[in-house]
Amino acid sequence: MKNNALTTNAFIGCETAYEEAEIVLFGSPFDGTTSFRPGTRFAGQAIRPDSYGLETYSPYLEKDLEDARIFDHGDLEFPFGNTERVLQQIGTYSGQVLADGKKFLMIGGEHLVSLPSIRAAYDTFPNLHVIHIDAHTDLREDYMGEPLSHASVIRRCHDFLGDGRIFQFGIRSGLKSEFDWAKTHTHLEKFTLETLPEVVNSLQDVPVYVTIDLDVLDPGTFPGTGTPEPGGITYRELLEAIGHLQTLENIVAADVVELSPQYDPSGASTAVACKTIREMLLTLAE
Amino acid sequence: MKNNALTTNAFIGCETAYEEAEIVLFGSPFDGTTSFRPGTRFAGQAIRPDSYGLETYSPYLEKDLEDARIFDHGDLEFPFGNTERVLQQIGTYSGQVLADGKKFLMIGGEHLVSLPSIRAAYDTFPNLHVIHIDAHTDLREDYMGEPLSHASVIRRCHDFLGDGRIFQFGIRSGLKSEFDWAKTHTHLEKFTLETLPEVVNSLQDVPVYVTIDLDVLDPGTFPGTGTPEPGGITYRELLEAIGHLQTLENIVAADVVELSPQYDPSGASTAVACKTIREMLLTLAE
Amino acid sequence: MKNNALTTNAFIGCETAYEEAEIVLFGSPFDGTTSFRPGTRFAGQAIRPDSYGLETYSPYLEKDLEDARIFDHGDLEFPFGNTERVLQQIGTYSGQVLADGKKFLMIGGEHLVSLPSIRAAYDTFPNLHVIHIDAHTDLREDYMGEPLSHASVIRRCHDFLGDGRIFQFGIRSGLKSEFDWAKTHTHLEKFTLETLPEVVNSLQDVPVYVTIDLDVLDPGTFPGTGTPEPGGITYRELLEAIGHLQTLENIVAADVVELSPQYDPSGASTAVACKTIREMLLTLAE
Amino acid sequence: MKNNALTTNAFIGCETAYEEAEIVLFGSPFDGTTSFRPGTRFAGQAIRPDSYGLETYSPYLEKDLEDARIFDHGDLEFPFGNTERVLQQIGTYSGQVLADGKKFLMIGGEHLVSLPSIRAAYDTFPNLHVIHIDAHTDLREDYMGEPLSHASVIRRCHDFLGDGRIFQFGIRSGLKSEFDWAKTHTHLEKFTLETLPEVVNSLQDVPVYVTIDLDVLDPGTFPGTGTPEPGGITYRELLEAIGHLQTLENIVAADVVELSPQYDPSGASTAVACKTIREMLLTLAE
Amino acid sequence: MKNNALTTNAFIGCETAYEEAEIVLFGSPFDGTTSFRPGTRFAGQAIRPDSYGLETYSPYLEKDLEDARIFDHGDLEFPFGNTERVLQQIGTYSGQVLADGKKFLMIGGEHLVSLPSIRAAYDTFPNLHVIHIDAHTDLREDYMGEPLSHASVIRRCHDFLGDGRIFQFGIRSGLKSEFDWAKTHTHLEKFTLETLPEVVNSLQDVPVYVTIDLDVLDPGTFPGTGTPEPGGITYRELLEAIGHLQTLENIVAADVVELSPQYDPSGASTAVACKTIREMLLTLAE
Amino acid sequence: MKNNALTTNAFIGCETAYEEAEIVLFGSPFDGTTSFRPGTRFAGQAIRPDSYGLETYSPYLEKDLEDARIFDHGDLEFPFGNTERVLQQIGTYSGQVLADGKKFLMIGGEHLVSLPSIRAAYDTFPNLHVIHIDAHTDLREDYMGEPLSHASVIRRCHDFLGDGRIFQFGIRSGLKSEFDWAKTHTHLEKFTLETLPEVVNSLQDVPVYVTIDLDVLDPGTFPGTGTPEPGGITYRELLEAIGHLQTLENIVAADVVELSPQYDPSGASTAVACKTIREMLLTLAE
């Protein structure tokens, strides 16, 4: 009888202590710059209990979460209405995990949360390259005058990463000027992920950060997001992409962002997020 | 500071004045003959604000709404419970727009609203041909004794268009007698849109009206409709079809019908309607 | 004027009397061992009225429910909280229908309801083979100590059927030990249904029971279920599979299980269940 | 074992055959003139299965449905888009029930369905008086030019009933001109039902029809309706009013209208309608 | 920085360790005999995170959770489909808490979970009296042949408590035979809680268990429950009742049952449960 | 035929031009510091179309919006993620309206939007007094270190208004320290609005701002809000309070805040907001 501890709320199969863990899972429940429909702040809270609808074993990767050593820190706690303090907290936590010699998987939150975590990875691994899977370019210089926005997060990463380091896939929405800008600054594949295998091939010897905005999926598969953009990829295509990512042994960190669970009362979108997190955790695991 | 005008409620990128416009967008919020689940009357009201979740630029057609000249008239205002007066109003407005030398895109409403608008196009362009993308045949002689019904709208169009003018795609539901009737009166492709390119090819020299019943899409992609019919096309297939339509320079008018937004609390179906309207507006634009 | 009888509540096109019927449709509204989200008890209640959103004619199979002789018994009535009595009732009813020389199609309920109906078919046809279409292996020895569970239903069937009689398709979730066990005891195809045509071919001369757990479909297509598992098949793939099943003349019974209508407010999942039931009834019909 | 009959779909405790019945329950699933949010067509379909969440016994009236003789005819079947034919069907059925010496309780539908049933009662009992419990005056001469509308139904009844026959309670919404008109033509109590006991007292010797628009209740209690109007009565106040009505022995017919079940996913509004129907049936019963 | 522990999931203000606690909070997520709409198994999971929408301070009782010593054990873990094992687990845990000299507050689950916890309290305090606040009598001898049911839980308690020990308030639904039976075996107040102060007065010197079925509240206030019963008490009336209960110093345990959070997408019902739990915890606290 | 203007989106009866208006209605769609559930940014967008479910005439105040001169400016447009710029914009707009000699009614948004509008009123009318109707004290010095928060908005107003200027009603949630602080700095009535008439009486000669946080209502009446707090006032009590406010001739501005429409799929909460806005507009009107 369990008298002395509240039922755990960790993601399924992630019950290793921090000290023993090779991978740290944590949430960044922030949606403060969301222009259309907020709610990604609730992603972590929805994901953890629903993860128990999955098995720990992946028949795709033929690996099991129970064979990995993963610590679930839970969601970070943020003040409201102060974007800069939030980003700072994420950066500090991400940096410390990397300094402790561990990898991390961050659960969003809106996409802006990737800025400090990619920055922390870059500070630790200066030769960092980024694989960005998304429906949106996220390359705006600013959004309504605000340089720190979910619509400009990859542009902000380019500020320090520079040309040739960012690889974008599945993009099907943006300003014409963003698509034009990308031609000379990033690798941007419109609509599909067909060039992913060759990109993965070319990145075997460099540290890689993978950021997955789940709205890359078709809204039929993933309606629970702030800005549904029809015409996306299928879940099987995403699984296939993760299969390619698994051949990369140098992924240092990753994130899965933009689940807004309250927009999908069926819970299917939360299940999509849970399964993607499981597959990415197994991809990060040795 | 905008002191003197209420925030516009126009579809994104459709703020040209009527006089300068080449295309007129308007809504026909009628669902009076819907047999199963009403609610398409709310489509226009849901579509306009959610259109701001899209960009004005289409990376598919590589065109931008901001480069077109489009006037959004808003929804027509109808009395309730009087089908004939409603149809008359739609016909009058459609006819006037065409008489002014403009094209139009109508937002449904249930599919019966296409009857007066196709009639108006036929009155202006007697050689009119119709491309009909839908899950349902819509070829009944009557529905429970009522000749004016969403289930008989294409049959009513055949009454004046005659044989060889109607091209149906994606059809996967109907009476056996409707499928039989179609064999000698229309071009009807079951389940898919594979013959669309050759049909488009054959229609290069005649005026064309395009009517898209969004329930042609699989309910997974588009659950927000009155009569979901599983097994439909994907959104990518619809985008590809619109790509073919863009090669037609003689589309005189079009409609996008049967969104029932309240059946999809995620808003993904409304996003599908918005994106389809954007792509069709760009297809109509010079 | 219909003064003397309440509006029928039968599934569309299923109004033959029991005595004249070749096929019996009935529901087993039980969800008592559902581990995650209950609600399949409401499937039958949701399916019957919504079946009128379909036509009786299938353009896929080119057959019509009105040409078959089908009796709809409605849902069985169960006590609550007593799993064994429920299973016994299902077995008794299933056995009686078969004893009367009829086929049946059962509407779940959770997947455990297939245990007594498959047992009844086995008792009548000792050489019974089972085609099992599902996302989950359902091969556990027990679930939290309970041998009678929706997660162990196919394993319980193996207890009496033995090796070589069970053919599983579309499976994408289970314990590693279940996948390992299946290697020597069942035919198990992961993820897809590609081997179905050859399996169907090999079963032309034996009695066959078909059990379809609708969660084999991708949650985008079928969110209304207790345990959504992303990455499933499309509805077109399921239709194609049913096309293959139609070539089997010795299907003695079938079931369609695991719709939880309240998890899909759009009703699209209920429409999926209705259409699958129509297609399976036509497959069972002479 | 029930082999030969589909599970009944009658309202709980209403299983008497028509010939033996003293009271007939039937539904009029029409919402064709609803100006704001349609959906009352689904009321009957929602009410019957959910009625089994109630008991047949009323601890308020201390009577039991099982002691009354009630036939449930189910919902009438209507064509769509033709208001006049619908009203005619209701009138014919209502008239026949009264001609057979029975009372009836009609389930709406929108309030316009009361017009033909009150007319039928008036044709049978020319001295008919009407008790009208509602949030809205329903006294418009027409609505957007249409004389047959849910907003003008009581005015249309006044056309044949004349002054002094209509008693309105709970009214909290209408045009100023409607309130003014009522001063000389009806008894209209604003906001509350306080004058009901004395009105009931004055109607002991005349035939009475009771029409209850459930939107008289506060939307907190009854959100599932097309036009929620805050500030309504509590359910206890409605129960108290029905207690007064029970002292009337000459109620010849009644209706309960304007449930739109899909606007209340909790089902609480449907429960309100069910309980009101039970109490009114018991009030009609000898 | 919190590196070594997952974010707590305890009810707000309940973070004392078991050993130091005077009160233990735990959940019994069981809904296996629910006849109508299941879902109370999710109550605990919904209540804990939403409790942070409250303050720890009660301006009604002028007490603060932070001044009490409360341990939150979380939800018990049950197998599915085996009612007797579930009840046994609840009884064992309840008994141990009492044996350790602590009080407990149990969160349901359906009302049947109160049977083993009341039994455990009775075994510890043989002179136990029960205050039962509910919409339903819960006095059936059995339900469809099953003696262990949420509809018979208080009758089962009477089996060991006997006459004169059970005090029922707010009851507005049941069989006529249940109301009749209650006349000689329990104190039963219909509809309201007016006799509660005098009953509380009479129970000053005996051990008391309080069981609150939240469906005693009007469904307008509390729609999120399996069997909504219109005409209930207001939340202010429940607060007033709890004010009276606070004068009892000998309440040894209590429960708050029948929240089904998924039937109330607004979350207001969960807020009602949270606030009731806070007030009852403060009532139990010294 | 209305060819040249999009269907208006103004609140019903508010179509006077700015120059002629005596009252200005505008929205502040900001929810950036919301700690629990965001969504008040959508209030204005939901309120305007649903206002047409109301009449312009109030039978309570016996006044009609059509007799007032009201301009609806629509919602202000804000950047995201920058609280200070948002507050500045509200302050500027509010100030200009007052400078033009008009009154205003602001639609929230979260309660923090009242800070700049009250400040603007104070700058124009230095002797300003504030009537605050709310469930929450809103008197925190800061919230998680952030001084600008919806939980501290009234405290921030006290910073410039000082003691004796703030009158709080209906308060039922807060820290103990907030209730204690209020004893010497504001007039705070717990739970009810009973002292409102006498307060109104005492404010006949000073300029008054009225801020109504709709969560003062019971969540049964108003579930569509971020932080539902059970035990609130009824809508009739709020109507009665507004009746008292109408006797004040010196209300210079007002606001109605905290509707989160997406938490109430029934739309009843939006109807509550619409009706409150109508009554407050009529109260402000001469």
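Read from first to last, the chains carry the letters A, B, C, D, E and F; within each, the first residue is number 1.
Throughout what follows, contacts are C-beta pairs under 8 Å (C-beta built on N, C-alpha and C of every residue); 3 or more make two chains touch, one makes a residue touch a chain.
What you see is a predicted model; the values in this text were computed from it and never measured.
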item: Chains contacting each of chain D and chain F, listed by label; value: B, E
item: Fraction-based call for chain F against chain E, same above half, different below; value: different
item: Cα-centroid distance, chain A relative to chain D, in whole angstrom; value: 55
item: Length of the line joining the C-alpha centres of chain B and chain C, rounded to whole Å; value: 38
item: Multi-partner residues of chain C (each touching 2 or more other chains); value: 218, 220-221, 264-265
item: Category of the chain touch graph - line, ring, star, complete, other; value: other
item: In contact (per the touch rule at the top): chain pairs; value: A-B, A-C, A-E, A-F, B-C, B-D, B-F, C-D, C-E, D-E, D-F, E-F
item: Complex interface listing, chain A residues touching chain F; value: 31-35, 38-39, 41, 79-83, 143-146, 148-149, 262
item: Footprint of chain B on chain F - complex, ascending; value: 1-4, 6-10, 17-19, 45, 49, 72-75, 77, 92-93, 96, 265
item: In the complex, chain F residues that touch chain D; value: 52-55, 57, 59-60, 64, 218, 220-222, 234-236, 239, 264-268, 271-272, 275-276
item: Chain F-facing residues of chain D, complex; value: 36-37, 171-176, 179, 190-191, 218-221, 223-224, 227-231, 263-265, 269
